[in-house]
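Next, two complexes with chain A in common: one pairs it with chain B, the other with chain C.
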Partner chain A sequence: MKRNLGCNILDHMVSRRHFLMGATATAGFGPLLPPRLMAEMKRDQKQILQVYLQGGVSQFESWDPKPGTEFGGPFRAIPTSVPGMHISELLPYTAEKMHLLSIIRSVNLKTDDHGLGRLFMEKGRRTGDFPYVGAIASKYLSAEKNPLPGYIHISTRGLTDHTAAFLEAQHGQMKLEGFQVPANLLRDGQRDEATYNRVNDFRLQLNRQFKLDRAKSLIDSYDASFEQAAQLMERQHLFEKQNDYDLIRYGSHPFGRNCILARTLLEEGATCVKVTHHGYDTHAENFNFHLEQLEEFDQTFATLLGDLEDRGMLDHTLVMVYSEFGRTPKINHKYGRDHWGSSFSLALGGCGIQPGATIGSTNEKGTEVANREVDGGHLFHTYLRAVGINSSDNHAIEGKTIPIGDPAATPIEELLA
Partner chain B sequence: MTPQETDSQTNSDVSPPPSTSSIDPTKIHHIADHKHERPLTTCRVDPSGKFAFAGAEDLNVYRWDLESGEKTVLAGHQSWVRSMDFSPDGQWLYTAGWEGQIRSWEVAAESPVTLNVIQAHRGCARWVQSSPCGQMLTTCGNDKRIRVWDAASGKQIVELSGHRRHPYAVLFHPTDGHLVSEDLMGIIRVWDPQQLIETNLIDASVMTGYDNKFAADMGGARDMCFSSDGSTLACAGITAVVNSFAGEQDPIVVLVDWQSKAVTHYLKQTERKAGIMWGVRCHPAGFVVGAVALQGGGGQLLFWQPAASHATNAPVNESDQTAGDQQAQTAPELAGEPIELKPYHTFALPNCARGMDFTSDARRVVIAHANGNLGVYEMAEKTDDGAAEPTAS
Partner chain C sequence: MYCRVTIRIVLGVMFCFCVDPLYTQELLPLHAKIDQSVADAVSEFERRAGPLTTDSAFLRRIYLDLTGTIPTVTEARAFLDNNNEDKRAAIIDRLLMSPRFSRHMQHEFDVMLMQRRPAKYVTLSLWQTFLFEAFRNNLGWDEMTRQILSADGANPENRPPARFLLDRDLNPQDTTRDIGRVFLGRDLQCAQCHDHPHFEDYLQRHYFGISAFFSRSYIFKDPNSKEASLGEKADGVVKFTSVFTSQESEISPRLLDLPEIIDPPLEEEPYITKPDDQTRGIPKYSRRQQLAETIVKQENSAFQLNITNRIWAMLMGRGLVEPVDMFHQDNPPTHPKLLELLSNDLRQHQFDMRYLIRELVLSHTYQRSSRLMSDVEPPAEELVAGQIRPLTPEQLGFSMLEAVGHIENIRLATTTKLLEEQPQRDTTSVAFAFEVEQTINGEVQPHIDAFVNTFASNNESRQFDATANQALFLMNSPLLDVWLQPSKNNLVARLQSIHDIAALSDELYMSIFSRHPNEFEASAVQHFLNSFADKRVQGLQELTRTLLCSAEFRLNH
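And now, the complex of A and B:
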């Protein structure tokens, strides 16, 4: 479990072990949120599921196949549950669920850089210190009494972006390194509750003293992290053994297990859950790697999407499947495809999104956008509008107003439900 | 499916082993390029030696008359062709495509058309090979199955399962009736197709690697062949994965002694250069040739003499020995760790190799290049009659 606070000073001042020992004293192992409140929260709260295909999934091998063309590669297109919509044969399970999703095939970020592409897709701006989609969801969608962190990222390895930017630190991503029980989640069995309470009282006393001559934001970061860790410690059942039925359906590989955890977290009321599937930066062996990676992704994701549908969760959960860019039309001498941000695709579905639509297109060879070009700014507005956030509004930060979405961009209106 | 000869007829058509006198890999030189505008994916030379066939990224197969350079298109596959083989009599060509199909063609037809199609696998059909008698085909594919087909009717005879990851290649043993296949993880399985059982499992996991950063496996046989007497199995691929998503791993050929089923040799480069070994052939004279696609874009042909290596491991290109002389030297011990062997000769190719075959006289090497060229190289001294001059078609 890692939290990016945007501040490393505190990490050196209070050891993690003591931090969590203290947290237990406050949080204890009390009951979950009352069922009535949980039900109310679930009914009203919009949620987001982000599935991030890290490294840049190939649009040719996923959402925008061009079989038989110069750069089409070896894979064919298959029909989907939406008449007339075809996707790559590497996604047969997802193809059966496409009536729940829409494809945007005309994304042009004008960058081929991993970092810049990722930030544009997450922040809706090419540059500047702005919060990620998940952080905004945490701030504006999380119920006040939501017992879980607002923005949880499940990934087997990690990126340490400053996701909250100028928002309060508790809206930054809470990183879970896979489906395992986070380190130090469990209370030290050697100490009784009274001892924990004493430790916590001492921590609070230190905290008050610490606040006297330091910037408020640092203390807030500390407190927010503490509280979220404590909240998560109350919910260790989330990390208990996953049942065999789910493991068969999702797959017992890390991505399958991570998606089971994501579903569980969403069911428990987490506002934004991001699952990263690694391994798409295929400068070599693009086709064999996409076979392997998308085979793992396909059944798992389709199962997750089906579960969300079956449980009525797509009504209030936006689903995003995206990368920081796509891959080059040209196939290099290593059977690889390189970085390509000029014409690629992503898929959206669920809350606020018209299902079964195809937005934009690329030309015959997939080398450029043919119509309805959009970029990270348009997408950002679209994500937020889909979950009911007025992306044209402003953040109010310490007396200043900062536009939530890039004022130069607009939502993809025809995609919104 | 195409008509087939009987065993006796087929065997009577087999040419005697080519003479290997005057073949000297250290004298290899380029003699021709047959050009195509799209990258090639694999190649084979028909048993008569008249034609070379290559798959291309435009989904077609191309046939070149190696003497005239005439190019003929074989259209029909809906995806890239990964593997090809011929009936032993040289009459029929079988091609395996990423769309899962096996197609058959008449080798010498003026305008070859698909004679029959087997939908052999769900997902990519990675390999096809004719049985030594010509009556059967074996294939493997991404449904993780090994299958044997009646070559004449196209009906499935045998299905074998056991590979947990994609099998990349499968061969008939030339004499003992067994099948051998290797998968992504470097697991080599030996099968008795009559009994429908797996008889041996050979660990060639040196040919796979897990990329921790990208969380994915890379490996598997990119080519396989038997020595002409069936005593040695050669598997080409990769080893020592560093960053496979960028193509950073080493090419390798793994040799297996067929009698003991022991891995005996790791055939590597003289100096490590990242790449993939896309082709391997055991020459009748006893040396082994590997064809490499280098990460940086060039290629290599590597020549090893496994039998000679155990005693001296010394380069032989400075001696007067022919490759045939070297073959007679002491065979390596089978027990213990495999022997790591460096090539006695390395020939730089102008472009990545994606497939390799010998001509029927075993004097020339034909390479499918990533730049679309079908390169022809002769393993002998240049002559003064102009044969060494590159030609193009």
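And now, the complex of A and C:
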């Protein structure tokens, strides 16, 4: 199932900087390493951070600027920490971290529909009931006793997506409505720990009895949801006040706070954490909105990426920054850009990804893919291979085998580390 | 008299000798044909098929599937104590006529048609009432479809059904896709999932053929009332570029493989009312009306196959074609002849959905136990055992409110109030029942909304989305605490007054699981309660809550 991509070798697991710090501070590392590093060294679990720019970020105003061309818009391109790689001036902080990321500029989904685009990016298939990347990560990457739900989505809007498909329901996304304490996490009144344990035991006893001669999968999933709830109830500290140091660096706006929470969740062992930054569907005032949105995104995301690097987490954490599509080259009469799924970009980095690369390109005006066209199917294989899941293998579900990635698509090999 | 009997005997004897098996099969009621067809599809069916459900399991299942809620404790006791042999058929008939049936169908069809979209131009209550009344009056699916697709929303009568098109903002992608999915069982946007360009081309024609039906329609906002309705222009064409030939061509309205519907020659004055800023356009020839008329026609077999399969999936937990919107040559029905048979029968019965539902639930296929005969789970498509499936958010909400006695309290209060207002009213009449149930629905709606917000996902998948958020709600929500406060005749109040442990366990199990507990379960109840010592009320509340959190309650089995 898992392909060894070499990123769980010891000197990768603990980032070089930490390794040196550890080695200089102590003669012969081991018992005196800071606890977090100890945990890191024990962990061979790969993780995923998804930053989802909901509504469709403009490729022109982010990863694929075309200044001075017909559809380029008013913003400049700026150099990044990777020689020769330029991105939009709306992302100055991220520009300094581009040596940690790679850009794919040649995505063509052939759809301009929010729902279909999102599903294609998440499931690697255009249609059909298939699990999301996060659900697959939860299933195949999580430890046997994962300390937190495997797939957590921090988002302030909407109903939950149906993400597990035919996988067990516990791999579906657990949604947190922002950084606040989740609804019903705390219980008013009289239930002390002993009572809680009695209630829990009694429920499990009822379910064991019920399960005796019945199909097990739904019942197991149901039990698992209570276990996950219990994990959260035991970790109320996750939702306690965030410290000022973090708030200053990340920003105290909801996206900043959500990203602090995302980092904490990854540190505490969630397998895939998705943070949604809402509000990129800029049919009107595209430039003003991108100025605002990306300003909020840029510093926060760059800080998060920096923290993951400093803490040695990038070696085992795949980072994805993506949308359901991009935005039209044509600027409409309301200074907006509309839906555009046929030539847009995304950024990947961290575990299993060759950093600093630019894959594919669009033509001069950005109206179509010029080379190395990829779609959601190729990307899906790429994400999974990056974290060591053999995406051309099969899910084995109730005696049936279902290909994990679309057999018609292949990973972007040159991007894999 | 004498003579008639003789003739009957003679005819009967003739029958026995001269009929071929096909002919006898013709005479079987539909539900027996279903069972025959299911048995024929599996080798050694008799050996592999599980037994029928027990009465109590049947009762819970039939209530959930026909009324969207569990039975009240009184209803459950009455059924289990009833020794009539035909009590299953009798209760099916009773439930199909009950107000709760209309309510449940309203919920199911609301999700199917609108996928939990927020209201945009048509209020939810208008739309919900339309669906409720459609099922109350047993409107045929063809007529319901016709109303939904032809309504322009410009007058009070046809405003509710217009929600399907209006609240999609007539967005060409959503509308085309959902007409394909909801009415024809085909997600036409999977056009691109095929490598073969020829095939893609043909799906593209389906897609654009449907969109041509309403491409001339538009959302008209009345400048005075600000109300949105559907206007239509008399001309305009749909063009598409074939991926096969790369040539652009025009396409007239066309349903799947039926011939294109060519517009009549444009009259000199093509409008009944001409469209402008102030007036809604009404053409003399409406392409959109053509859609409503054509889609239900016999030649369009996709229409009848789709609704038959969807109703099958709703009751059996799995479509004969699964997923239900993937009718496709690479995804054939598990029982093609059966689907054909059922759908033709439904058409012959003027798309009477109540008739089809009745036949399905009368079948042994429906009534099979979900308990397994061996450790190996049989493939779901063999239909040898009942499918376990999660309750919908609405089923869960109503069932929980019914189990804790909250709804029964409202039911009693409403009945008393109506009788005080009009003492002569016949409380056994259908009209009375509808009035009571509608009051209940209104009062509990906010609670049901809380369940929808917690338990619904934003599509109509039948997969089980058990999340930690839901478990937290079930374990900790203060909403449940309120219902577990002893009040009037609710469950905890009743339990409080029972001191014999066998009687208490029985009341508890009958109220929540619609079955009697066994000895082992009764003693577990006692053990649990004892651990609360003098905090008896708390013990009863935690006990009730735990049963409500159990898999047995959460699932339809």
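Going forward, the second predicted complex is superposed on the first by the 351 of 417 C-alpha atoms of A that agree within 3 Å, B and C clash if a C-alpha of one lies under 4 Å from a C-alpha of the other, contacts with A are read in each partner's own complex, and residues count from 1 in each chain.
Operating definition for what follows: a contact is a pair of C-beta atoms (placed from the backbone, for glycine too) under 8 Å apart; a residue touches a chain by one contact, two chains touch by 3 or more.
Since we're looking at a predicted model, the values are computed, not measured.
Once chain A of one complex is fitted onto chain A of the other, the partner contacts of A:G279 are limited to chain B, with no touch recorded for chain C. More residues of chain A are in touch with C than with the other of chain B and chain C. Contacts of A:A143 after superposition on the shared chain: neither chain B nor chain C is touched.
In the superposed model, A:R76 lies in contact with chain B only, and not with chain C. Within the superposed three-chain model, A:N288 lies in touch with chain B and out of touch with chain C [touch as defined at top].
Residue contacts after overlaying the shared chain place A:P67 against chain B, while chain C stays out of touching range.
With both structures placed on the common chain, the touch criterion links A:G399 to chain C but leaves chain B unconnected.
Interface of chain B with chain A (complex): residues 38-39, 57-59, 78-80, 97-99, 123-124, 142, 166, 184, 211, 213-218, 244-247, 276, 293, 295, 297, 351-352, 370-371. Touching chain B in their complex are the following residues of chain A: 55, 67-68, 70, 73-76, 156-157, 254, 278-279, 281-285, 287-289, 291-293, 331, 333-334, 336.
The touching residues of chain C, counted against chain A in their complex, run 116, 173-174, 187, 189-190, 192-193, 195, 323, 326, 370-372, 377, 379, 385, 388-390, 453, 456-459, 461, 463-473, 475-478, 481, 521, 524, 528, 531, 538, 542-543, 545-547, 549-552, 554-555, 557. For chain A in complex with chain C, the touching residues are 110-113, 116, 125-129, 149, 158-162, 164-166, 169-170, 172-175, 182-191, 195, 198-199, 202-203, 205-207, 209-211, 213-216, 218-219, 221-226, 228-229, 231-233, 398-399, 408.
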